[in-house]
Every structure is written in structure tokens, then in C-alpha cells.
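Structures incoming, each one as C-alpha cells.
Both complexes shown next keep subunit A, but they swap its partner, so subunit B is in the first and subunit C is in the second.
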Partner chain A sequence: MGEILHGIFINPFIEIAGAPDLFVQVLWEGFVSGTLYALIALGFVLIFKASGVFNFAQGIMVVFGALSLVGLFAAGVPAWLALILCIGIMFGLAWGVERVVLRNLVNQEPIILFMATIGLNYFLIGFGEFIFGGEPKTMITSEIGLPTGSFDFEVLGGLVSLQQIDVSAAVIAGLLVAGLAVFFNKTRIGRALRAVADDHQAAMSVGITLQQIWVIVWFAAGIVALTTGIMWGARSDVSFALSIVALKALPVLILGGFTSVPGAIVGGLIIGISEKLAEFYWGPLVGGSIESWFPYFLALIFLWFRPQGLFGERIIERV
Partner chain B sequence: MSALETFVDAADETLLAVEGVTLSFGGVQAIKDVSFDIKKGEIRAIIGPNGAGKTSMLNVINGFYHPQKGKITFKGNTRTDMRPHVAATQGISRTFQNVALFRGMSTLDNIMTGRTLKMTTNLFWHLFRFGPAEQEELEHREFVERIIDFLEIQHIRKTPVGRLPYGLQKRVELGRALAAQPDLLLLDEPMAGMNLEEKEDMSRFVIDVNDQFGTTIALIEHDMGVVMDLSNRVVVLDHGEKIADGTPDEVKSNQDVIDAYLGVAH
Partner chain C sequence: MLYRETGQFKTSYSADQAVFPIRQDLVGIWLILAFMFLVVPFTFNDFWLNSIMIPTLIFALAAIGLNILTGYAGQLSLGTGGFMGCGAYACLKLTTFFPDLNIIIVILMSGFFAAAVGFIFGLPSLRIKGFYLAVATLASQFFLEWAFGRIAWLYNYADSGAIEVPTRRIFDIAITGPHASSMTRYLVVLSIVVVLTWVASNLVRGRFGRSWMAVRDMDIAAELIGIRLLSTKLTAFSISSYYCGVAGAMMVFLWLGAAEVESFDINHSFLVLFMVIIGGLGSLLGAFLGAAFIWNLPILLRSAFGQTIDAASVEHISFMVVGALIIFFLIVEPHGFARMWQIAKEKLRLWPFPY
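Let's turn to the complex of A and B:
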């Protein structure tokens, strides 16, 4: 018993104090996966806010975006053109989803829409495998101009190594979020998106068309998914297993709240950093690989205290 | 004399005509064969006891509900039903019985959404908030500031509307409807739940909108004092049927109306 307590409360901190450079390295790894979790969660939040749909297919959209890029390149399309075509594919997907799925399900219960996105999820898996094949592929990292080396720093008496691809992932994620923030807050279409998120009827009464907004918001989520897919693909492989990783967005959303963009970002970082720390310092206690379940555990604890999430709106029922 | 005649002609021009509209939900008839018209430049009240079909009528006019029978002619175009955004495009704006604002957004942004249809730059420019999109934003911002001045809500320009007291929310909602520069403004109980002072303010705004901008207004209201003071003509609905139509004085002395409101032993 004493040994376990020691292992939980004392040993990890001795390790941290003993090798601060390693601690910084772990923090950085956590920060990078956190950024990617945040991006996936952001895709969920965008769609949930504007249409009240929990898009189960967000994870597969990440895979589908990355696969299309790799697949087009493999078919002989130049990398830059493949990237542009992928943006086009994401737009086509958004348009198709609105046309084929959402339009016919207007005013249905949220659970029906949720089921429809599960259908979409499996359709995209099947369609993706049919076109691109099921085997894992390598992201065309250097071909689309992403750096591959690493920066090495002298930190606190040790060497910390930052992969350049990770640094660019963080920078690109930051730019994407900043761009979306300006778009949402400062433009007419962004305002229309927020209006639809707040009140469908009122939005229609001022002449906003829901269909158009849905296409734009699914497109935005598609772009976010494509970016995530490229970044994640560059760190590991491009395979359908990615869509399971994308489910880590769930604990992120529970932490951050389903309707909050800042929540998705902060939640993503918390999950990313805490899972890496837990894995590295507390994992050995139970034989490792707690990374895969720790985020869900954290989310569960969180649900006890703040069911609406860190930034989510508290739901107050008028009685 | 001739000038006066033109004026009278203009006042007689029909802006909206509702003919034989019938609306039912499943087995329930919300509106039964109702016809009336709204003349250009007037304030037209729609009154009636609870459940008379007043809000349903507004929803039909603005395209939320699609009637099973009847037709609606607005600015000379006849249609049986239309989508809300088409109604908005043609110049119909409205407010809602239970304030329907975008609660997370500021007063300014809420009223800016009313300009949606007047703004034309496309997604491409918006992605970069650049060039024409920026220019357009500034122009419309100026117009919205004038509405804010008109409604005397300068002090809450940046406040998220969810935090505002009810009376002010109603005023912001009016502002959003006005921002579209509508030909026909539909107000669903603009004074419900207000205290006397707020009601007087709102009445003043309604009259000023009608006077200064020449906007035609159709309003639903329960406060009879307000209705009699504001409106040029009144249509009375009861159980989905029209039971009276005329000037406030005519309606006030109509026996059916008195019965509908007070109840009558049959």
C-alpha cells in the first residue's frame, strides 16, 4: 500500500525534479497531440453549434481528407494541385451532405441526425477503402512543403528535441483558429453562422438560408479535418485507425463544452498534455499504455463537477 | 386638391392581401377562411382572444407556415406559400412573441444580421475579410448605428443581448427587423410583458417608424388601449375565424367582438 501511494504521489515528482529536460520534452509531446485533439474537437464544435448535430463522422472526415491527398498524389497529381483539389473535395462533401442528408432531415430530432452521421461515417469508410484501399499510407510531408527535421535545444541541462513537423502543426493550428475567429466575429457570413447557432427561426426571418449556412459550416469543418489529417498523417501513418484516435475529441468536448471554440482548444491541450504526463510518469504503475483510456477517465471525473464543460453554456431551464 | 388626392390614392394602395387562407395542423384548424388586406402606410392591428390564430396568421404571412388553402398577394405578387427567406427578400421583416434574438451576440451584431440581405459580397472575400467585404461592413455598420440612435440603445451597443432586460431585448429585436428596411413590418406582441413606461416608449417607436420611414406595420397586441391608440384599422380573429374588421371605433362597438372577449351565454 505504501509503495503504491509512493508511486502515485512521490516518485513521479522526484523523477520530474531529477530530469527537468525530460519533463519539458513530455510537455511538448503532450502539447502537440493536444493541438491536434483541439482541431478535431473544433470540427465537432463548428457543426454542433450551427446545426445542433453531433457529427460522428468528423473522425473519418479527417482520414478521408488525408487519404484523398495521398491518393491523388499517388495517381500522379502534383502535390500543390492535389492540396487544392482536396479543398474542393471537402467542399463537395459538405455540399453533398447538405443535399443528401441534412436537407431531408430538417426539423427531425437530434438523435435522428446523429444516426445519419453514423451512417455517413460508415459510408465514408467503405467509399474510402473502395477508392484508396485499406492499407496504411505515408503522408507526402515534404512534397507539400512541410519541414521534416528537428530543432534541438539545450534546456535545463539536457537536450530537448522538437520535430519541425510538430512545430509547424502547432503554428498552422494556431493560424487556422485565428482565421476562423476573425471569420466568425467580423464578417456577415460569420455572423450568420452564429445567428443560426442561436436561433433557427429568427435567422430565417432576417433572410438567412439554413442550407447555405450548413454547407459553409460543414466545409469549414472539412478544412479543419483536412488540416488535422495532414498533420496527424505526417506524425504517424494515414490509416483508418486515425478515426479511432479522433474519438479522443469526446473527452475534449466534455471538458471544453460542446458549444465553445475556446473550450475545444483549452480542452484539447489539457487532454493532450495530461495523457502524456500520465502515460510517462504514472503509466509504469499499471504496466503502461494508460494513454488510451486516461482522457475518458479524466472526462468522467470532470462530469461530476462541471457537466456543462469549462466554457459551455449552463443550461438553465425556465420552470 | 390634386396633391391631396394623390395622397389619398397612395394611402389606399393595398400592400398585402390575404384571401381565403385556411391553415390546419392535423385535425386542428388554426385559421378558417380568413381574408383581409393591409394598405400601404397604415398600422394594422390583429387582435383576438388567446388561441384565435393571430400568431399563426403572422407565420403564414412570413412563410413559416404554409396554408392549405387561400392565397396571399404582396406587392402585386400572388403566392400560396413561400419560404421565410423569400419573404425576407421581398421586404417582410418581423419580431417574435417570445423574443427570438441571437443571445450570444451583442446588440450591434444582432442588428447587423438584419442587414444580411442588403450585403452581397461573397464567401471568398469574407474568408480574408478584405477589400469589398471590409468596405461593405463599414457602410452597413453606419446604417445600423443610425437605427441604434433612433431606438436610443447606444449604451448597450456592445452588450450580449442575453444579459439585457426583457424590455430592451424587445427593442433590439425591433432594431433587427428595421435594419432590413422592410416594406411590411410584422410585430408579434411588441409590448407583452412590459411595464407602463416601456409600453409608452415602444408605442412611440412604432408610431415614429410608421411616420418617419413610412413603414407599413401589422401588429398583434393584447393591450386594447395600445391597439386603439396606435392602429388605423383592426381585424379581429376568434377561433381562427375573422369576426370583425374596421376602424378601432367600429370594432370596439361590434357585438361579436364584445362577446368573444367577454364570453356569452349561448
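Let's turn to the complex of A and C:
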């Protein structure tokens, strides 16, 4: 028993002190996957805030975006045109979802809308595989102007290597969030979006068209998904396995709260970093691969103390 | 005309509280049971029994389990696959320790282990609700999947890392394992499902069911009228997991014959959730209809398209069709097949002379 406790609470710190470069490397790995989780969670939050829909299909939208980019390029479309076409596809998807699904399910219970997005999830999996094929594909990283290669740093007597693609992922994620923040706070449509997020009926009463807002917000989530897909695809392959990994965005949402953009970012980083650290230092104690469930447990423990998440609004219950 | 209840008076409390108060329903259910027990096993071939009847019944039981939790008690769960796995692995361990014990009893007992696990993972529901709880149940799903794959003791240190079902006999008839005929397995599955469904139908009408529904409709109000949230939510989790566990044990022992971790993955959780939603939340009939629909739709599609295009495309098309149909059904009738049946019954009562 003492040995186990020692392994959990003391050994990791000895290892950290012994090999600080390794620690920094793990931290960086965690930061990068945290950025990607945060981006997926951001897509969730955008849609949840504006329409109250828990969009289960966000993960598959990531895969779908990346897949159509790769698929279009493979079909002979130049990379820049493929990128523009993909944005168009994402708009088409947003419009289609609003027209076919959301418009017909206005005023239904949240669980029904949630189920509809699971249906959408299945539809997109089938559709994507049917058109582009189910096998994993390589992201066209250099063709769309993303750097490859790595920076190597001397840190505390060891070597830490940062992939350039990861660095650019972090930068692009930052730009995207900043862009969205400006869009939300400074533009007319952004104000309308915030109004809808606050109160549907009040927003409608001042003349905001809900349907239009939904298309815009799903489109924004689609753009976020496309970006995430490109970044993630560049790190590993573009395949439907991504959609299971994307479920990791859910503990991020719990940590950050369903309605908070900064919460999604901070939560994503916490989850990403802690899961990699746990995997690296605690994983070997129990046979590894604890990455698959550790984030959920972390979120669960967190939830026990703060049911509304990190930045979520306080839940007030009335009878 | 056929479905008229005129002249059926309820003259005693027991008549008033019957599961099927209308005579036509009662006759109908007995006819269906007679058909299932007496006609199906002797006339259907192995393909029908193995690929359609047995899995439909097993998934229906799992759907009843999830329906108790989600439909009656209102706690959204995405961990069904994990709880089914608990039942399956518990069944394997029990029958390894007690090889002479009647396998049907072992299957029914293995549900209790799933119930214990469900109890533990139900604890967070006291603090968190709705989608937050759904994510919390994902924790159980992924943790259990991980445990099934990592703890070799659970699958008896088999090299394949899979459950290999041993042969168990009752009165010299093989019930499980490679020698069991599909007819015996079908009859065992059917009997267990019928008995457990009967138990469930009485549970949801009784004290348990009423307090579950009160908590589902509004938990604070339920608390105010004196329902203990703690025990209500935890019994819902335990009983639901019991049903899922028994379904999981049956899935491996009476249907698949061998199972790996993948048999209990998150996709199975979604599959059962689809069945519950499409069938109708809060309806036992819905669990059966939903299971029959969701399980058999891809088979139907495969046999419809099978000859013209390759297998992979059929798979993709069936994904698309299932997804689209789910959305379609949610739009047309968000309360599922059970509500459709109810509406049809209302129409039948008046037909052919509507007011």
C-alpha cells in the first residue's frame, strides 16, 4: 500500500526533478492536445449558447471538414480553392441543418434536440465515408502553407522539441478565439448572437431572426471545426477515429461550463495538460492508457465541488 | 370495430389495476406470447433466430434497462455499454467459480454485479443533472472499457483477451457454448426477457416507478412532497444497471458466444439510446419496438441493396439511412413508436364510426 501511495504522490516529483526536460516536453504535448480539445469545445459552446442545442455532431464536423479538404485536393482541386470550397461546404451544412433539423424541432425538449444531433452525427459518418471512403488519409499540410519540421530548444540540460505545426496550431487557435471575440463584441450580428444566447424570446421581440442566427452560429462552429480538423489532421491522420477522441471535449465542457468561451479554452488546456501528465507519470502504475478515462474522472471530481463549471453561471433552481 | 371496450366494466380493484385492463389487449398479448414460444422456435430457421430474434430480444431488455433510467427517472446515461459489459464479465467469473450452478441463475445473478457498479456510478447524479450527468456517465463507460481490456483476471487470462463462453448444460441440454442450438438459446432468452419485462412493468407502476417519474418531472418538487432523491436516483441506477447487466450477460453467453471489449464500447451505448428514443421514452412497449426497428433496419437495408453494391458502401448507406431516419422520426413523432401505437389505438376505438 505504501508503495502505491509512494508511486502516486512522491515518485512523479522525483522524476520531474530528475528529468525536467522530459517534464517540459510532456507539458508541451499536453498544451497542444489541450488546444485542440479547447477548439472542439469552443464549437460546442458556440452552438449551445446560441441555440441551447447540445451538438453531439461537433466531433464529426471536425472530421468531415478535414475529410472534404483532403478529398477535394485528391480530386484535383488546387489547395487554396479546396479550402474555400470547404468553407462553402461548412456553410451548406449549417444551412442544411437549420432548414432540415432545427427549424422542425423548435420548442422540443433538449434531449430530443440532442438525439437529433446524434442522428446528424451518424448521417455525416455515413455520408463522409460513402463519398470519401473510410480509410485514414494524410492531411495536405504543406500544400495549404502550414510549416513542417520542428524547433529544438535546450531546456535545463535536455532537449525539448516543438513541432512547428503544433506551434502554428496554437497560434491559429489564439487568432481564431480573438477573431470570434471581436466578432461577438463589436459587430451587429455578434450583438444579435449574444442577445439570442441570453434570451430567445426577448431577442425575437426586438426583431432578431432566430433562424438566421442559427445558420450563422452553426457556420461559425463549422469554421472552428474545419480549423480543428486541419490542425488535428496534420498531427495524425484524417480518420473517423477522431470523432471518438473528440468526445474528450465533453469533460472540457464540464470543467469550463457549457456556456463560457473562456471556460472552454481554460478547461481544454487543463484537461490536455493533466491527461498527458497523468498518463506519463501515473499511467505505468496501472498498466497505461489511463488517458482514455482520466479526463472524465477529473471533470467528475471537479463537478462534485462546482456543478456549474469553472466559468459557468450559478445554477438557480426554482420550483 | 374489433377494438371496442364497450361492456367491459371494472367491478373490483384488481380489475382496475390490471396490467392490461382491456380484454383485447390481454388476448393480444397471450396470442403474441403463444406465437413467440410455440411457433417461432419451430418454424424460423437459424439465421432468423440468431441474427434477428435473439439480438432483438436482448437489446430490448437493455433498452428497458436504459428506459428505466432515462425514460422513467429522467437521468440521461451514455454508459449502457459498460454496464452490459459488467454483467457479461461477472457472468463469466461466476460460472468459472461455480461451474455446476444453473447457468440461468448465474445470468440472473450477474446482473447484481452490474447493479453494484451502476450504484457507484450513479452517485454523481445526486449533485449533477442533465447533460452534465450524461458526460459523467461517459466516465463510467470509458473507465469500464479500459478495465475490461486491462484486467486479465476478468477474462480468465485468455490469450485472445476475449470472453470465451464455456458449455453449460441443464438436464443435459446445452444452453451455452458452441453446442447449444439456436432454438434452446432463443427459448432461454425469451423466457428471461418475458419474466424481467413483467417485473419491470410492475416496478414502473408501483411505488418505485411513481417516485422515479416524480423525480423526472421535477426533482425539487418531488423532494418537497417527501420523495428521497438519494434512494430514488440510486435505485433507478441500480435497477437499470441490473437489466443492462443481464442483457449483457445474455448477449455474450446466449448470442455471441465470445466477446471482446469492443462488444461493450460507446457505440453500443448509443445504439441502445437510439432504441429507447425511437421506441419512446418511458414506455416498455417502446423498448421492444425501438430495439426491433434499430436492430433490423441495417439487416433489411443489407438484404435490399446487398446484391447491387459492395459491402462497405452498404455499411455507409445504412449509417446514413439510420441517421436520417432518426432525425425524421424525431421531427414526425418525438415521443417515438409507443406514442404512435397509442394514437393508432385511439383511432381504432372509434373506427369505423368517428364522431
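One rule holds for everything that comes next: the second predicted complex is superposed on the first by the 317 of 319 C-alpha atoms of A that agree within 3 Å, B and C clash if a C-alpha of one lies under 4 Å from a C-alpha of the other, contacts with A are read in each partner's own complex, and residues count from 1 in each chain.
Assume contacts are C-beta pairs under 8 Å (C-beta built on N, C-alpha and C of every residue); 3 or more make two chains touch, one makes a residue touch a chain.
Note that this is a predicted model, so its numbers are computed, not measured.
Contact with subunit C, but none with subunit B, is seen for A:W293 once the two complexes are overlaid on the shared chain. In the superposition on chain A, no contact is made by A:P136 with either subunit B or subunit C. Shared-chain residue A:I254: touches subunit C; no touch with subunit B. Legend: residue contacts after superposition of the two complexes on their common chain; A:I244 is shown touching subunit C, with no touch to subunit B.
In the superposition on chain A, A:G174 contacts neither subunit B nor subunit C. Contacts of A:L105 after superposition on the shared chain: subunit C is touched, whereas subunit B is not. Set against each other, subunit B and subunit C touch different numbers of residues in subunit A, with C touching more. When the two complexes are overlaid on their common chain A, residue A:G92 makes contact with neither subunit B nor subunit C. Of all the residues in subunit A, the ones that touch subunit B in their complex are 179, 182-183, 186-192, 194-195, 197-199, 201-209, 216. Chain contact summary for the complex, subunit C toward subunit A: residues 76, 124, 127-132, 135-136, 138-139, 142-143, 145-146, 149-150, 218, 220-221, 224, 266, 270, 273-274, 277, 281, 312-313, 315-327, 330-331, 334. Listing the residues of subunit B that touch subunit A in their complex gives 62, 64, 83-85, 88-89, 93-94, 96, 100-105, 109, 112-117, 119, 121, 123, 126-127, 129, 133, 136-137, 176-177, 180. Remark: subunit A residues 54, 100-101, 104-105, 108-112, 114-116, 118-127, 129-130, 134, 244, 247, 250-251, 253-254, 258, 286-287, 289-290, 292-293, 296-297, 299-300, 303-304, 307, 317, 319 touch subunit C in the complex.
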